[in-house]
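To start, the structure itself, in structure tokens.
The chains carry the letters A, B, C, D, E and F, assigned in the order they are written, with residues numbered from 1 in each.
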Amino acid sequence: MADRLAQFEDYRHLMNARIDQIDHLGIKRFFNLDTKAYEDGALDARTKELMGLVASLVLRCNDCIDYHIIQCVDAGWSDEELYDTFNVALVVGGSIVIPHLRHAVESLDMYRSRKE
Amino acid sequence: MADRLAQFEDYRHLMNARIDQIDHLGIKRFFNLDTKAYEDGALDARTKELMGLVASLVLRCNDCIDYHIIQCVDAGWSDEELYDTFNVALVVGGSIVIPHLRHAVESLDMYRSRKE
Amino acid sequence: MADRLAQFEDYRHLMNARIDQIDHLGIKRFFNLDTKAYEDGALDARTKELMGLVASLVLRCNDCIDYHIIQCVDAGWSDEELYDTFNVALVVGGSIVIPHLRHAVESLDMYRSRKE
Amino acid sequence: MADRLAQFEDYRHLMNARIDQIDHLGIKRFFNLDTKAYEDGALDARTKELMGLVASLVLRCNDCIDYHIIQCVDAGWSDEELYDTFNVALVVGGSIVIPHLRHAVESLDMYRSRKE
Amino acid sequence: MADRLAQFEDYRHLMNARIDQIDHLGIKRFFNLDTKAYEDGALDARTKELMGLVASLVLRCNDCIDYHIIQCVDAGWSDEELYDTFNVALVVGGSIVIPHLRHAVESLDMYRSRKE
Amino acid sequence: MADRLAQFEDYRHLMNARIDQIDHLGIKRFFNLDTKAYEDGALDARTKELMGLVASLVLRCNDCIDYHIIQCVDAGWSDEELYDTFNVALVVGGSIVIPHLRHAVESLDMYRSRKE
């Protein structure tokens, strides 16, 4: 089961490379803008990753959730802080978020166990 | 124009009181859960308000945006930090968020000018 | 304030007539399909109106909420039954539904007071 | 193919237990509120399950659809009544709902065949 | 009533200027990317405006609808072609789009009458 | 990997046949309306397929994306024209569309390689 996260990362890298190869200027600029949005600015990168996670949860996108959970763990957020983030997203987004909460908790457990 | 924000607050208080009066146990508990989600926990209340603002922007709800902008300003977030928040929401949610960005910037300006 | 509901009904009738006048076969058939979806079938019309109200709340469309509240009241649903409906929608859709809950409660009060 | 539904139920129970183990008060209360929203009240539990199904369809969540189809069948709703529910959701939510309608019909067939 | 469209355009220009004044590099680049997405490329600008209108309708954003209707009329699309566009959006997005269809038809009529 | 697209087509045909067998008049009419919406009218079928693709991308439905990519390729749209379509959808819908962009690019590559 721990492979699900690794498979997503492989697929993500493979297809991002393919999209880069397409060489569409607008799409390339969008990807660049997306990367820069999470860099240190008036707010630090750590906080922005948390915001990316909340947005991914309420918009109910599992791939985006996985990506931001990896980033949040790497940025040093603890499980308790991430659970608090899940809770805000659950209250804002409602029970329709629950399947994505299950996914998020599983992804977090997977990524923690990989780092041990 | 500064009245738009005040009108929203008046309407919000009036209707929340009416909803409380309805006395539906499930609805009352939901409102209570919603309040508690933004209180200090593993994450502090300030950070949670920022997360509420991001969620409101990507879900495109003007009333929710206004509520969280007021909370964020009261929590001490600067304009530059809120602009960075707007930027993350804009990149995640796309140009469909732009009308709500206009609303958010106007609400922020209104609330700052009231506090001067 | 009781005028908000009446204004919506007037605007709805005016623009539906204008859309009918456009005479686009696909659009006309869609409107016809929409009307028929709420008629007695395996499920009765009363239950379907309740389902239309839940869908309108979780999809966060005030005009649709107003339309279905009027239909639900006319179909004989009590306030308590409609509050239970609001509660299901609130739990499914989350706090982002709250501004629409305020709208729905106000519309229900308006329509009841008109019928007295 | 009949395993898809069983796998979902297993995964749902496994991860709900894991989420319970996390022991976040807000999340636990939300799950409790979610359970209670579908219990008998002014509206009976049967009708509320139907409302949960409609909401799941228009919000396009396959896991939620599967959960509520199981509940609706157990509550005694007939195929014809559930097809009428699918139709309301299809008209409200549009052709973007069709992939979820395919999923819902397959899940309903699976669950009926298991009960035979 | 013709003022609604003019008011939107005034507000849009005013707030876009205010957002430009904020001078956030990410936000400025996003607005630039948004503008460029609708310019002639492999697809011509006319077709892209039609795509912007469809996206605005299914995502249910009245301000975005108004903006793209103005652009589509200026690009030379006829009423019949725009009605066909409305129909695709209505079928994809369902009856929840109807309030926005009413808005779109009214905006189109307003803009045509201004140009006479 | 080329099987993913074929599997989707098989499943789509199988379940559409099952839905047809259910014989619900409203659902049958909706499917008919959906088919007709993409036929030549004031706008030609080619342009409407492109609009269906944009709508599917911003509403983030992979099955709908696959269906419309197949239709768009069969209608003669080039890769460059489809990339331009992806770009409009990406800008309108934001980075939450990116996982669906990856899916769309892969589906397009798969379908082109099948036709060689």
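The working rule: contacts are C-beta pairs under 8 Å (C-beta built on N, C-alpha and C of every residue); 3 or more make two chains touch, one makes a residue touch a chain.
This is a predicted model, so every value here is computed, not measured.
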Neighbouring chains common to chain A and chain B, by label: C, D, E, F
Per Cα centroids, the chain farthest from chain C: A
Centroid distance [mean C-alpha coordinates] between chain F and chain C, Å: 31
CA centroid of chain A to CA centroid of chain C, Å: 37
Between chain D and chain A, distance of the C-alpha-averaged centres to the nearest whole Å: 27
Where chain B touches two or more other chains at once, by residue number: 26, 30, 33-34, 37, 41, 55-56, 58-59, 83-84, 87, 90-93, 95-96
Chain contact topology (line, ring, star, complete or other): complete
Partner chain C, residues of chain F touching it in the complex: 26, 29-30, 33, 36-37, 41
Touching residues (chain side chain B, partner chain F) in the complex: 58, 90-97
Sites on chain A touched by chain F in the complex: 11-12, 15-16, 18-19, 22, 24, 26-27, 30-31, 34, 55-56, 59, 61, 63-64
Parts of chain E lying in touch with chain C, wherever the complex brings them together: 60, 79, 83-84, 86-87, 90-91, 95-96, 98-99, 101-102, 105-106, 109
Chain D partner contacts - residues on chain C that touch it in the complex: 33-34, 37-38, 41-43, 47-48, 50-52, 54-56, 58-59, 78, 80-81, 83-85, 87-89, 91-93
